[in-house]
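So, here's a batch of structures to check.
In what follows, subunit A forms one complex with subunit B and a second complex with subunit C.
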Partner chain A sequence: MKRWGSRLPCLFVWGIAVAAHAGSLTIKTIDNRGHPVSDAVVTIDRANSPTTASTHYIDQKSETFIPYVEVMHPGDSVVFRNSDNTRHHVYSFSPIGAFQFILSPGESSSPVVLNRTGIIALGCNIHDHMIAYLVVTTDQAQVTTQQGQARFDDLPAGHYTVKVWHPQLWPGHPLASSDVDVPPEGAAPELPFTLRLMPDPRSVVDREHLDY
Partner chain B sequence: MKKHRLCSIIAVWGVATSLHAQDFVLHAYIDERLVAAPDDTSWTRGGFGKTRYGDGKTQFHFGGAAVYGAAQITPELLALAQLQDQTSGHSGLSLLEGWMRYRPVSTTPWRWSVRAGAFFPPVSMENDGVGWTSPWTLSSSAINTWVGEELRAVGGEFVLEHRGELTDWDVRAAVFRRDDPSGTILAMRGWSIGDLVSGIGSRLREPDAPVSAEGGTPPRYYDPFRNIGTSHWGDYAAVDWHAPSETRVSLVYYDNHADPGATAPYANGDQQSAWRTRFWSVGARTDTDAITWIAQAMDGDTTVEPIEDLYRRTHYRAAFVLAGWNRGAWRPALRIEHFSTRKPSNDPDVHKGENGNAVTAALNWRPRDYLRFTAEVLRIDSTATVRAQYGLPEHVIDTQVQVSVRVLY
Partner chain C sequence: MRTVIGFRLRLALFFVGMLATVQLITGALVYGVTRRALIVDGERQLVANAKAFDAQMDDVSARIAGNVRVMALDFALRQAIAEGDRGTVLSVLHNHGRRVGASRMQLINLDGTIAVDTADVHADGKSFPFSELIQRAFYERAAEMAAVQGRVYWIVVVPIYAPQPVGLVVVYVQVDDELLAHMQELSTLRRDVALEVQLAPVQWQAVAFGDRSAPFARGLEHVTGDFPSQPSLRRIAQSDYIVLAQPLRHPYNSAPVVILFGYSLDDALRPYHNLALAWSALLALGLAAGLLGAWVIARNVSRPVEWLATVAKRIEQGDYRVPPRLHRRDEIGALANAIGTMAAGVQQREERIFHQATHDAVTGLPNRTAIEADITRDMDSGVTQGSLLMIGLTRVPDIIKTMGHGLCDRLMHDAGERIQHMADGAQVARATDSNFVTWLPNTSRDEAVQAAIRILEELATPYTEPDVSIDMVPAIGIAVYPEHATQAVALLRYAETAQFAAVGSSKAWAFYQASIDPHRPEQLSLMGELREALTRGQLELFYQPKLTLPTRRLDSAEALVRWQHPVRGAISPDVFIGMAEDTGNIQRLTRWVLETAIAQVSQWRVQGLQLRVAVNLSAHDLGDADLPQYIVDLAALHRLPHEQLTLEITERAVIGEFDAVSRVLQQLGEEGFHIAIDDFGVGQSSLSYLHKFPIDELKIDQSFIKHLNDDSDDRIIVRSIVELSHDLGYHVTAEGVEDEGTLDYLASIGCDHAQGYFVARPMNADSLAHLITTQPKSSHA
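And now, the complex of A and B:
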């Protein structure tokens, strides 16, 4: 106890010192009309701190994958859960992760470990309008919220390259990218990205537009 | 009539509510409308009028009802059926389509499927609602009115899809039977514009004037979905390309391979002829912001051989462009189309056939998910030599106004 007692002030001082040299960065994504864009993946050119592999959950509710976009890191696993009262047949034909699961209501799949980086498109073989994406990256990454924001905290001061990807970006356009300096203290100015997006491919089955 | 309508309402809603369960999808609609009809007698009443209603009256009509049911029997096997009830033209309950599809999952970009049963050839870009209705207008285009009346494939279809990173495409091929009379109505009456779809088991009415001229007694009906002559298969092939923004381009070639000299007995001891019918159809749709654009074109011919080596051929063409504005609960739509038929004549100075243009303007209002009101004005300007042949004016302008209330399940 005595030893810890003597070290605690040191740790406290070290923590303050680190905090004093850590900044934050907020990215804002909007569309052509100025509306916030959610589900954009924002990456910065710093490797994700190695942590233990985590498990991600993709739910299926009202014939929709939730979330639409999920960020993962190599070694992480994903579990698919069916919260609908109908069967789903989740699949991917991505070269970095091909799999398929038939899920009855209430059922969850076994975990799928993803070791390679890239983007995996998910579908349901029963309901073609269900689409989602897994983005596997070694970089630090965040998905923008409903307000179109992604925030990185505790960043060491320095020069960063920020890239933004969205599943509805028009093809043939380079990935949105921008450089920013994060100050030793406080927050860098909010970094805005304007994305030109294609319409949402997740069509909702309507009584007037049957999907069969 | 009221009793019949009440029964159909009860039947539609009864089936729709009782079968709702896991892996079953049920949808339905029922439609009542006020119609101001043109004077020109409608094809549904044995005339040459091109609108569904044509008696010069303004009155309420039962627009129709249908139930759509799809059961996912296994993850690979889907069964789908659509039943409708109609009281104008070919009355009663009938099966619009009924088929089963086997589609195994694929963990490669390629996916295949087969389906068997009775289904619509993949021509229409408009009719994706319950009962093969259009969400844009009450009346389908001339092309899709004909597809709904006389085209149904009873057979099997194979589909191969390729799913790319950005665009998908598929090719499909089908063989079918029971579509030998297709083309009859285009040759006898010409194009029409409406929302009366034939079901398996329903009958189509021939125009009264030619029936009388042949010494027959109208009304005379025929089964549009039957085999005539020696056993044979018709076929169609289609290529479909899908891109973002709900963009689709489709090309279809259809040939029923009917023997134009074949006949089969039908009502009153008459003989029903087979019509060799074939066509090319191209369609496209895309969204630009809130506007949905749909365009289709069709070019084909149908041939009958009433006497050996005497071939009577009718060429037919039609095209339309539709723009629908998706404004939430409000959805205005405008469609402009052109149609024609042409029959070769011995006299080069004599033109036989028809040509016409139509404009359809509809305003849809859907205040609730289950409720849709539609006001539609349809104006058809057409010239048809067949009308003059039977003492009617060759050139006619028909205007039909409809206000409909549709309940959707």
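And now, the complex of A and C:
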């Protein structure tokens, strides 16, 4: 919750500022059963406006990567920080960024710069249920909230292609995408996405239940 | 006897059959119940087995999955998988495959293609055939039974995370005999278990058995048909099995696989075989014991019953010896005692009845039947001669009439005792109401006479009671064996006949004489023949002329009947007239004589012969009130003057029923017929008595006439009769005149008529007519 606490107020401020001369787009992600799906990454086919490379922090607290899904842009760097009292062995076998850090309690890794787009699955070799995802994209991207919503504000009117990715999407399936027209003024109708998801790999309880 | 044995046998068989039936029914019931219980038990076991198998396979899956998961935890393997290092992955899969007992391991990409296959190095990129397991593997334990190339594998699919899903490991555990045997070791899996793969609809092939050597396995190698999804009784390889088929989850692309559980009923029943054997032995023993017991009991019942039947048969045959009592307290004993008592009772009663049947109640002497039997017995036992004395008390009928039966019975009792006393040990019996009989075997005629005289003397003493003294007036008839008869019945009858003869004779005893016996059997047939003779004209009237002494002329005749029997020749009137009187035929005979005589006299009259004819009437005729009218009618018919017919009656005939005789004679007399008294002098009548009847003539009996020449007494009697008769107004005829002296004498004393051989013998009508017409007009001056 802490991560949202630092980010949401700034988003709201930004959205209100651009509302006067551009339209907005809201995407809603739900699963098969209609429940809102959080942590989905929604991208629109508009390049992220060039910004300076930033450093993203992935905290490890209570044997959990925080945040679960982090959107990054090429050139950004990521730092892993161990806030637990146990060791964590952060690793990635991803072709766009394979690395591993063994972090003692309170230790932070050196920054890892990611220049290529793609998705990196992070795991902890000590704690199997610790998984996080880094999404490196050039497009504008938002992560859906607990309510399953992602909102793009201050968009110039026009035709957009919206794509949604989620860590639990079935592998090998093409990403869900949808076209939408954003009006010059006001908000486009909420764009819904229904996602078919695999079980949450973090779910220790479920895995034990399955006896794996 | 056969029925008795049958009874015994039936009883025994019934018991034994009952026992056997009950035992067999019990056995069948026990067998049925046991079998049913075993079936139910087997069904329950099979259902439990099926569940257990599922659980076991689940355990296998869990073990495999756990192993794979442990395997996937290996960082190097994750790295190798994530980096697509085939060689490393293959080696790891080989290694872990051995650990989990898998015969084949595969790594499947998330897109369903095969990444690595331990059994096929060229499998890369091929599709994993059971793709639906992949998706399921992420949610639940994905393990199913798949048939691959004729073999059946338990396929377990486990996802690999690194850290996100990167692929899936597929573990193939071959389900074969070895695995099943292993499972049997670890758990309670049955021996009779078979894994069957469907080759085609209703075509199944076995791929694994729990025990390949069992009949269950032999019968299930190839099966056509379907398997029962509920426990059912099936016949497999000549044995009864309860079979349950458990379909196993299989992937879409795999042929269906079922596991068959069998519960051998034969095996289950095997422990009971010894029990059944023991039970059979027990049954046999029980049957033997039952047979023996039934036999003994049946014998106890049937033996006495047979014995009682024998006793009853003996009683039926008249053997009343009371059999030894059965010393039994039961019903049969009671029956035996009852039969014994009954036999004694029957014997007593029979003796009493026999005594009554053979003895006279009044005198206590044997009766006629008894003495007859005794005589017969003596005759049969070689007694060569003997005498039978019939002792009659002639006054008995009168005694009964005047003094009553009570006194008569006492008198008879007394007489019986006296006769017994005099019989000197000989058998005495009471033959009739008034007759006793004594059988004297081995006695001569003289001895018989002596005995008779002794008895007569003994009985001569009157029977006395206070105020009463009665003469018994005995008469004894004697029949001699074998002279008179050779049979007891005949002897008795003859003795009785002789007794009749003895009555009134001076000696008071008489031997039997055949000639005086009116009751000889041949007489009876003679009577029948007499009736026949009357109608057939075998009878003929002869006429004996009567000489009228004063004129010496023949002017009347007595009609005498002759019977010329076609076989027996001439039969004496003495014989058949007496017989006719006794048998009631005399009236017909008399009427025939009357009719014939009247017709003849009437005919002579027409011819100019004036003859008076006399016809004899019997005493019986005088009781016939119609006779006078009959004679009158006959005379009228033949226009015969009544005075030409004389009716002769004996002196004895008029002594009988005075009123009736008197009436008949009176009528005849009034009609003008002559009436003559025949055989006058031998009866006990007197002239004063006869004088009461309208008599015209007396005929003096020939016994007075025969000796008239020699006997002066007879001459006096005859002369007196003649004189007296003349005084009374009777004509007198002398019978039996056989010589001239007699005739002359009779003429000299004034006798009216003479009749006899000297005058003329009886002759037929023509001869008489000739004699009459040729006689001199007057032979005497």
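FYI, the second predicted complex is superposed on the first by the 182 of 212 C-alpha atoms of A that agree within 3 Å, B and C clash if a C-alpha of one lies under 4 Å from a C-alpha of the other, contacts with A are read in each partner's own complex, and residues count from 1 in each chain.
One rule holds for everything that comes next: a residue touches a chain if its C-beta (ideal position, glycine included) is under 8 Å from a C-beta of that chain, and two chains touch if they have at least 3 such contacts.
This structure is a prediction, so every number in the text was calculated from the model and none was measured.
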{"item": "Fit or clash - subunit C, subunit B, common subunit A", "value": "clash"}
{"item": "First, second, both or neither for A:Leu122, with subunit B first and subunit C second", "value": "second"}
{"item": "First, second, both or neither for A:Pro201, with subunit B first and subunit C second", "value": "both"}
{"item": "Contacts of A:Pro171 with subunit B and subunit C, given as first, second, both or neither", "value": "both"}
{"item": "Partner chain in contact with A:Met130 - subunit B first, subunit C second, else both or neither", "value": "second"}
{"item": "Touched partner set for A:Pro105, first subunit B, second subunit C, both or neither", "value": "first"}
{"item": "Contacts of A:Thr86 with subunit B and subunit C, given as first, second, both or neither", "value": "first"}
{"item": "Subunit C clash site on subunit B (candidates 117-125, 207-215 or 261-269)", "value": "117-125"}
{"item": "Shared subunit A contacts, counted only where both subunit B and subunit C touch the same residue", "value": "91, 93, 125, 170-171, 198-199, 201, 210, 212"}
{"item": "Subunit B residues within the subunit A interface of the complex", "value": "22-23, 27, 29, 68, 70, 72, 75-76, 78, 80, 103-109, 128-130, 133, 135, 163, 165-166, 244-246, 287, 369-370, 372, 408-409"}
{"item": "Touching residues on subunit A, where the partner in the complex is subunit C", "value": "91, 93, 121-125, 128, 130-131, 133, 167, 170-172, 198-199, 201, 210-212"}
{"item": "Residues of subunit C that touch subunit A when the two form their complex", "value": "62, 65-66, 69, 73, 75, 78-79, 82-83, 109-112, 135, 138-141, 158-159, 161-166"}
{"item": "Interface residues, subunit A side, partner subunit B - complex", "value": "85-87, 89, 91-93, 98-100, 102, 105, 125-126, 168, 170-171, 198-199, 201, 203, 207-210, 212"}
